[in-house]
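Pasting the structures in now, so scroll down.
Both of the next two complexes hold subunit A, though its partner changes from subunit B to subunit C.
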Partner chain A sequence: MPDMPHSPSRTLGPVGLYRRMAGASIVAQLRYPGTFIIQAIGNFVTTLLSFFGIWSLFHRFGSIAGWDIGTVAVLYGLVNVAFAVAETLGRGFEVFGGEYVRTGSFDRLLLRPRSTLLLLLGHELRLRPIGRFLQGLFVLVAGLWLAPHVQWSALLVLPWAVAGGAAMFLGVLIGQAALCFITVEGLEVVNVLTYGGVEAGQYPLTMFGRWLRRFITFVLPLAAVCYYPALFCLRHPDPLGLPIWIGALSPSAGFAFLGVMVFAWQRAVAGYVSSGS
Partner chain B sequence: MQTPLSTSDAITVRDLRKTYRIREGGSWRGKTRDIVALDGISFSVPKGQIAGFIGPNGAGKSTAIKILSGILRPSSGEVQVNGLVPWTNRVAHVARIGVVFGQRTQLWWDLSVGEGLALLRDIYGVEPERFARNRARLADALDLGGIMDQSVRQLSLGQRMRAEIAASLIHDPDILILDEPTIGLDAPSKLAVRAFVHELCQDRGTTVLLTTHDMHDIEALAERVIVIGHGRILADSPFEDLRTTTLSERILELDFHDTPPELTLPAGASETAREPHSITITFDPRQIPAPALVAHVGHLPGLDDLRISRPSIDEIITRFYADHAA
Partner chain C sequence: MSLRPYLTAFGLQWKIGLRYRIAVVAGLVAQMWFGAVTLMAYASVYHAAPDVQAPLSLRQAMTYTWIQQSLFTLLPLGCLPAIGDAARTGAIVYDLLRPVDMWNWWLSASLARLLGNAVPRAVLLACVAGPLAMLVGLGAWSLAPPASLISAILALVSITLGALLSATIVMGWNILTARTLSPLGSYAVGTPLAVLLSGMLLPLPLYPDWIRPFLLVQPFAGITDIPIRIYLGTPIPGGVATGLGLQIFWLAALTLLGRLWMRQTVNRLEVQGA
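Here is the complex of A and B:
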């Protein structure tokens, strides 16, 4: 039957295949349940400790530059939940340099009749960030409870903000992976955007200088996925003067950022195939 | 006007060239240097043939294999594999080939062999009945029954290579590319792999391109060897032809129970080593046939035993590379 069509189009689509690969990676991770539980707890505790730093500041001073602990907790929760989702989905991109480029396994990936993005997303559905996720969620709920003017109907914007934030951080991870084709070394710089982004997202935009403010608004749309949606939920007017409804729309910037990074990825793969380096 | 590439061949390569641009010193603005990996190679492999593809390290083999696999775009030249140009439609192309890289796994370290094969079924979109059939056939032929439930991490190298070969064939590819399939394997595993590949070609008409440094793989499997060096094809012939043209000489060893006598040898034969109880003679059978030489030395006083041998395949290929400065 050499002439039989081997087209995979009639079979499992991208979503179905992703589910299969993700399922297999969960099986693999749970093969050593003790390790997983310890790692998840460790992840929960370390992220919680970083919040205690912020909490003790506010406990001492009450409010800082007009921002109360509730608002800051909401920002903190949003950015951490979003980042945890991105870490869960984007593990294949995070380890791309070390596990695929340096070892030459990327060639192996190219030998599979599927999109490289899909195969790398399917590398692992990582369970460990559940610690950061739960802790972020916990702080987020506490913040809403402490904040003075929550508009409960506006909370619908929160899942949308988390989605936008996760898309943005996933975009960072994909961009980082694309850079691996040029340099496997020296990618630590990109951690400024991931871990640095998480740190910066925890504080209100007005606490930063103009240069950094512009960077996390227009280059990495961190403000669009955390700060403005938080203001929207908390009915907190923007000290920088933008209308409050902006927070309901701005999370889409996270998806736009992801789109740009996906485009960069496709270009980088095409470059790899033609240069072979 | 060039004739169109033939479609009855499984693989057709015409005037394939690849130049890599290397940045000197690795700096961003440094000078660049071009390295020619393939300098115009042409060959074709008919359906169902096992072709050996050999050459010393750095000859351009891996570059050619990568281009044929669709993961590298050449600088120029034409290639058709199964009637497709590998690099213009990667997804359609790789769905119809199987590739085993001896040193890299295509299975998942943390999954069992069976789970890995099932995942490949979904990646390649193999229908469930066809998958069940292929899985049973491969498990039987490659003796995978006992390791289906073991995780790949725990397999021995020989077990893993058998699992890799099964993984590369689960989607019935028309073409199988084997890159060092026996590297590091013990003798029984090597024999098992060779027997399987031979059968695959005979029974299913799969076309096989075999790259290896183990010349016994070539001797056992390949109907034909393509030798590549410095990015060019140095020879493309059945292995026996390579032997005849490269190192046709034979070796005659004589054992004596005493000090060997002085010899006068006919033209085409010469003494190449002398030990306290033996002499080694190298001769060209085209000049002096073996029976004539044996008749000539047969009456020597004190002769106990004699043996005639041919140079090993490793010696032949070493000589061939040396002759071509490859």
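Here is the complex of A and C:
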């Protein structure tokens, strides 16, 4: 970026470096404003339409075990906002296999005296998911507006739940990138945890069979960052019998998941052998 | 006029689709996951409201979902990738120089690409969701057999028309790509339209009653929704003939419009690159 004078005597800290990389990425994306606007609108419309599908289902069948469309809207909004944040930050990990491992350009990142995680976070600060973010936020606010028992404590738990959810999805993306050291190309199967996670997170946990409930509680802590915080905000008693304050604590599981994935990433980088190019 | 160039274009794209075997397996896992999540959600809403008269029974809704999942790659989600590349690099000019009818040339390639992706996935998923699910005792969640032999044959005819219709819609995205010199716009517009209007998101018969007539007469219903309804034997207003008639109508109308649009586009095409 030409407008930022480069002084070799002063080195940037991690935050400064990330800000500079993010700034460059935003400028690059806005270079084609038409494309950006079409993609953001496409993203907004796609996600809004998917809510129309759920709305139609509940419209036809009414409420299910105490969940009506208003309360499902809270779940839906929460999972979409969290995923949009992770998508914005984690683009470098999403394209890691194709753009870094296969081409061998990961070797260049290793030569730089900075954390590879920081450099990959700075690959791109993606603006496109803003469509999903705004739409999820809109549905979330509408759902809370309609719900009868919402208290002010919800305002504290919601950002915390979004942060935990974003950390969890970012963890999935980092884990996917770590897998690329073995598979070279990215594996589409991981989409089951990202897009599939969003799909599963927007329904109440009680709608699923036991194996799926266990999977999205204990393997991928999706219920901890989405379902339980939503129960807390709505003051909705848990049909599975857990106390309601669980929802205020459980988003921390998202950060624990991220921690495990970062550890896996560091182990994978330590064993990295270049594909050569 | 010889058919050979078009058959060659078809064969080439068909082979490209079959090349990525791991992608087929990866896609299968993803479709099983989405199928399972959707099926559990449907089972839960149907059991919670047993007295609601839905246009599809639970078993039919499940079968609908499985077929829809297995035919995901048959949907016109965006332009043919080769044309997207050609538009960006300027190589599209080679297509203009070929002594072939460009509509048929691109159409046969687009159709082959859709089929090459969809057929292996559909066969695999049908085996897993049908007989295999029965064998492991998940019969209630499995893909139901067709309503009768006649509906099976008619559904086969209908899905053939559906594949042609989908390729014709892909032609629209191809021309859009040639005009805007970028494939991104076609994906931004094509994917949401195809996913919603084909019944991928929610079976078209389950939408609110006031919108259902509109959903049936729009072209995307002809790709997978009408063939699945025929397979299930669920009533279509006016019978199977209306379904097939709608498909043929849209095929003819979109071919006519698409050819006009293509001629106009080719005449004013500015090629990018050197």
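The rule is short, and it goes like this: the second predicted complex is superposed on the first by the 260 of 277 C-alpha atoms of A that agree within 3 Å, B and C clash if a C-alpha of one lies under 4 Å from a C-alpha of the other, contacts with A are read in each partner's own complex, and residues count from 1 in each chain.
Here is the rule we use: contacts are C-beta pairs under 8 Å (C-beta built on N, C-alpha and C of every residue); 3 or more make two chains touch, one makes a residue touch a chain.
Keep in mind that what you see is a predicted model, and the values were worked out from it rather than measured.
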| request: Mind working out whether A:191 is in touch with subunit B, subunit C, both or neither, as first, second, both or neither? | output: second
| request: May I ask you to decide whether A:56 touches subunit B, subunit C, both, or neither, giving the answer as first, second, both or neither? | output: second
| So, A:20: does it touch subunit B (first), subunit C (second), both, or neither? | first
| said: Does any part of subunit A touch subunit B in one structure and subunit C in the other, and if so which residues? | reply: none
| In the complex, subunit A residues that touch subunit C | 35, 38-39, 41-43, 45-46, 49-50, 52-54, 56-65, 187-189, 191-192, 196, 199-200, 203, 206-209, 212
| said: Please output the residues of subunit B touching subunit A within their complex, sorted ascending. | reply: 18, 20-21, 47, 63, 66, 69-73, 87, 90-92, 94-97, 99, 101, 104-106, 108, 110-111, 115, 119, 122-127, 151, 171-172, 174, 205
| Of subunit C, residues touching subunit A in the complex | 23, 26-27, 29-30, 33-34, 36-38, 40-42, 44-46, 48-49, 52, 54, 182, 184-185, 187-189, 191-192, 195-196, 201-202, 206-208
| note | The subunit A residues in contact with subunit B across the complex are 1-2, 4, 6-12, 16-17, 20-21, 24, 27-29, 31, 103-105, 107-108, 110-115, 119, 273-277
